[in-house]
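After this come two complexes, each holding chain A, first together with chain B and then together with chain C.
And now, the complex of A and B:
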C-alpha cells in the first residue's frame, strides 16, 4: 500500500424510512410463540441528555452490503464486458482493481494493493424519531405486525408470523465516509452516489418483495478533512468542490 | 506533559490497550506520511521516545479508574475475618483514584489492606462511591447477498460486549512538540476506527479531551518503584525478584484495514497494574521489533509508588 491518504470525505445523511423497515436481529425464532423476526437493536444509545436502551438502528454493514450487491449489477470487473454479478455467478467481486473493489475491498482476501476507501457507519434514530415512536407505539420503538397466510379453502388464518418493523417516517442519521488517496479519481465518489440511488430504487433489509424497506437518503452536508494539512482542516464542501478534492 | 483522552464507545470494540492505540497512531502516520517516513519515525522512537501511552480504563461519573495493583498477600498471617472477605477483593479489577493514592503512599501494601474500602461491581471504592461498569451483550447478524437470487447466504451471528461506560487513556509527551501531530493522528484513527473487526462495524469511537489535572502528580518517569498503566515488554532493567506482576503472552494480527493481515510474532508482556522495581531510572520497557519493520509497543506508563 503506497498511495498516501489525502483526506476523508464524510457525507452526513439522513435515511428516511418510507415503508416499514425490517433489518433482522436474530438468526432463528427465539422461542415458540415469540416474535419470529426481530429488528436489530443497539443495546445503548446515548443521546444529548438521555440514554435509551434497545433502540432499533440500521447497521452500516447492511447499507454497505446492499449497496455493493446493487452496484455489482452495473459495474464491471477490470477487463471484462460483463457486469460483476453475472461474471462472478452471484459472488462479490475479488478482482482487487475495479471501482467496487477499490471502494469496498476485494472479497475473500484476494491479493490487492488497494486500500479500502469506504466506511459506512451505523445509522441511529434521531431524537425526534424516538419521540414519535414513543408517542405512536405506546412506549415501544417497533411495531409488531402479524402476517397471516390465508387457508384458501377454509378461509382461516394459518401460521401467523409476527414481524417487528420500524414504522414509516422514522429517520436515522449517520455518516458515509470515503477516503481519498493520492491518484484517486472522482468516479469513486460518483460510484457511491450511484449506489445510494440504486438503494433508493431497491430496498433495505428483509421482505423487500412484500414492499418493505423503501428508504430515502437525504444528504445533509458533505465534510472534507484534509489530513495533509497540519493542523488538519475540516470544512463543509458542496458537491461541485468534490472534483477539486480529487484533483480532476 | 500529561494529556487525557476520553473514549466513548459507539459500537463493540476489541479491548483498547496501549499497543492498540500505538498501532492506530502508526497507521495514521503511515497514511499521512507514507511507509518510509513511518519506518524512520519508529526507529527514532525506539531510541528516543516522543510519548508514552497508557491502556484504556473506565471513566465513570467523571472519575478515573485504575487497574487494581498487584500486591503481595499476607496469606495465613491475615486475620480470619479479612481472609473470608478476600474473595471479593481478589475478583475486583479496578480501583478509584482515592484508593490508588493510598497505595502510592504505602498505606495499602498487601491485597488484604484493600478491605478498608468496599468492593462492588469489580471496583474497589469508598463507601460513598457508587461506581458501576456495565456491559451489554450485542448480537450482530452477518450474511452475504447472492447477487443473482437476491437471497441471504451464509447467515451467522457475532456476539460481543458493548461497553456502556466511557474509558480514558493517558498520553505523556516527552517531546511536547509532538502534541499537535498526535492530535491529528488520533483524529484520523477515530475516523478509521479503533482496534479489530472494523470491516463489520466494530471500533466506532468518539475521542474527546479530558482534564488531566487530578492525575498530573502521579506520573513519574524517574521512579524506580512504580505501577504500570500499560503492558510492558520487559528488558533486563526490571528487577523481577522485587516486583509483583502478572504476565501474558500476546500474539496479534497486524492492522487489516488496508492490507492483508499478518500474524505477528508472540511477545511476552507484564500486565497493567503490575507493581515493579527497576534497577535504575531508565525506561524498563521497549518498543520491540518483532519482525523486520514490524514493531510491538511495550513501554511502561509509570505511576511512582513509595513501596514495592
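And now, the complex of A and C:
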C-alpha cells in the first residue's frame, strides 16, 4: 500500500568540476588512432540565445548510482550492525525498508511497494561554461588526455590511450528531487545531503581510481511544492524549514 | 581538498602525447617561447595572408615557421609563454614535447598539472616491489610481471576478485601557472641525441589529493585476508624503500661512469628521502630503472630473472632489463624526482 505524497523538495544545484571529469559516452565509431574514451554528450542543447550540438552533460543516473554506492558503505540495512556493502556481499540493498531503499528503490525486489523518493535530473553546462570551453579549447567542448601505457619490462610506451575529459572550472546545473510521503522523516533528506558530501569526497564519473572527476556541489536554492494545497505552489525554503516539511 | 604536496627536486616532464612544432605551434623571441593558438592566428589573418599561407604550405614542410613566412603572431594569439633554458648556443628548436595541461582558472589560462594516475603508478609499483622483494616465493615463472602484479594486488572476496588498489585514489594535482614551466634540452648520457621538452621547474610545489583514509578504512572493514595488507597500508614506507633502492643503484651507476656531479646529486638525494615524506620518481625520462623491477633482477637473477623472460617469444628469450644510458638535463640533473609531503 503506497503512502500519500505530501509534496516534492527540489534542490537546485550547480556541479563544479574541480579536476578533469570523464563520464563515458558511446564507444561507437572508434577508429584506430581515434578517441578510445569519449565523454557522454547530448546531441542538441537549447540555450537562451543559441543551440549547441554535441554538448557534454552529466546524466542524473551517474550521480544517483555513485551516490547510492557510496551511501551503502555508511548506511546499515534495518536490523543490521554491518554497513550494506558488507552485509550484501557487494550487491545493492533490497531490504525495502532502509533509507537507501526508500530513496533509491529496493534492488530487484517486488516485496515492497515503497515509492522511490529520489530523482536526479540530468545536469547541463551553463552558458558561461560553454563560452569558456569555446575560448579555451579552440571551439571544442572537451580536452583530450593521452595516457601512455608503459611496458613494465622494456620501459617503453605502448599504444597511448586517448580520453576525452571535461575541463576544471566547468559548471553544470540541474535538480535533485525528493518526494516526501506521509510518514517520511527528515533523515531521508539528511541522507541525501550525506550522499552529496560523500560524492564530493569521492569522484564522479569513470576512472575515479586513476584520479578524475573531483566535483563540488553548490546548493543554489531549495524549492518545496506542497501537493496537498490547491493550486500547487512552488516556494523557496530555507534548509531549516525542511524539518517542518517532514513534520515531527 | 588537497592533502599532500609534491615538491619537484629535479625537472619533471609528463607528456600529453603532443609535440609542438616550430612550423606553426610556437614563435621564439630571444629566450622566450611563445606558444600560439593556431585557431586564433588563422582567424585573424587577412585574405592576402591566407592566400600567402596556401602557397607556402609546401615550404612549411621543410621546417620553416609560418610566423616568419606570413606574419608574426599578435599578443592575443599567444596561448602562453615559457623560457627556453639551455646552454647550447643558437639552439635549433624544431620540436618540443609538450607537458600535460588543463585549464588554470576561469579566465581560460593554461595550467600544467601532474596526473593522479602518474603518482598512483609509482606508489603501486613501490608496493609491488616491496612485496616481491620480501617474498621471492611469489615468483611464478609461468607469469610475466604484469600478471604477477595483478595476482598479488588482488584478493578473493565472496567469490569476487577485488583489486586492492581500486580504493586507493589519487586525484590530478592542482593546475599550476605555466610560469612554472620551462623548456629544457634533455640529453642522453654518452650520446649526442637530445630532445627539447617542456618541464615543471625544479623546486616547484604542487598540491595533490591522495585518498588513503577511505582506502585504509575499506580494507579494514572488508576484513581481507591478504597477508600483504600491512605493506599496502604502509605505502609511504614502500615508496621510501623503492626510491632508496633506485637512488643507490643510480649512484653506483654514475660512479662507475665517472659522472661525479650526478653521483653527488644522488648522495644528496638519499638524505631527502624518508619513510614519512618519501621521494617518488615520475614522468618521462625516468628511465627503465624505476618503471621496471630491475632492482630485483640485479639483486637476485636466479630468483627473479624468469620474470623478465619474454613470455610471448618462442624461445623464452631473456630480455636484459639493464640499460647503459640515462636521460639528463644539460646541467647534469636526472628528471622526475619529487618529494611527497603530507599537508599539516
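Just so it is clear, the second predicted complex is superposed on the first by the 235 of 248 C-alpha atoms of A that agree within 3 Å, B and C clash if a C-alpha of one lies under 4 Å from a C-alpha of the other, contacts with A are read in each partner's own complex, and residues count from 1 in each chain.
Here, contacts are C-beta pairs under 8 Å (C-beta built on N, C-alpha and C of every residue); 3 or more make two chains touch, one makes a residue touch a chain.
Nothing here was measured: the structure is a model prediction, and the numbers come from that model.
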Practice task
Could you check whether chain B and chain C clash or fit when both are placed on chain A?
Solution key: fit
Practice task
Could you look at A:79 and tell me whether it touches chain B, chain C, both or neither (first, second, both, neither)?
Solution key: neither
Practice task
Check whether A:121 is in contact with chain B, with chain C, with both or with neither, and answer first, second, both or neither.
Solution key: first
Handout entry: Which superposed partner A:60 touches (first chain B, second chain C, both, neither)
Key = first
Exercise for the section: Return first, second, both or neither, reflecting whether A:132 touches chain B, chain C, both chains, or no partner chain. Expected result: second
Problem - chain B versus chain C as contact partner of A:143, first or second or both or neither - result: second
Practice task
Determine, under the contact definition given at the top, whether A:203 touches first (chain B), second (chain C), both, or neither.
Solution key: second
Practice task
Could you look at A:167 and tell me whether it touches chain B, chain C, both or neither (first, second, both, neither)?
Solution key: second
Handout entry: Shortest CA-CA distance between chain B and chain C [superposed frame, angstrom]
Key = 5
Handout entry: Overlapping contact positions on chain A, where the chain C interface meets the chain B interface
Key = 73, 86, 89-90
Exercise for the section: In the complex, go through chain A and note every residue touching chain B. Expected result: 1-2, 4-5, 8, 10, 24-27, 40, 42-44, 46, 59-61, 65-66, 69, 72-73, 84-86, 88-92, 105, 109, 111, 115-116, 119, 121-122, 177, 225, 227-228, 230-232
Completion exercise
So, in the complex, the side of chain B touching chain A is made of residues 8, 10-11, 31-35, 136-150, 155-157, 162, 164, 180-181, 183-184, 187-188, 191-193, 198-201, 204, 257-260
Exercise for the section: Quick one: which bits of chain A touch chain C in the complex? Just the residue numbers, please. Expected result: 18-20, 73, 83, 86, 89-90, 132, 135-136, 138-139, 143, 145-148, 150, 152-155, 160, 162, 167-169, 201-203, 207-212, 214
Practice task
Give every residue of chain C touching chain A within the complex, in rising order.
Solution key: 1, 15-18, 37-40, 100, 102-103, 105-106, 108, 110, 115-117, 119-121, 144-146, 149, 157-158, 160, 165-172, 175, 209, 211, 214, 218, 221-222, 287-288, 291-293, 308, 310, 319, 321, 323
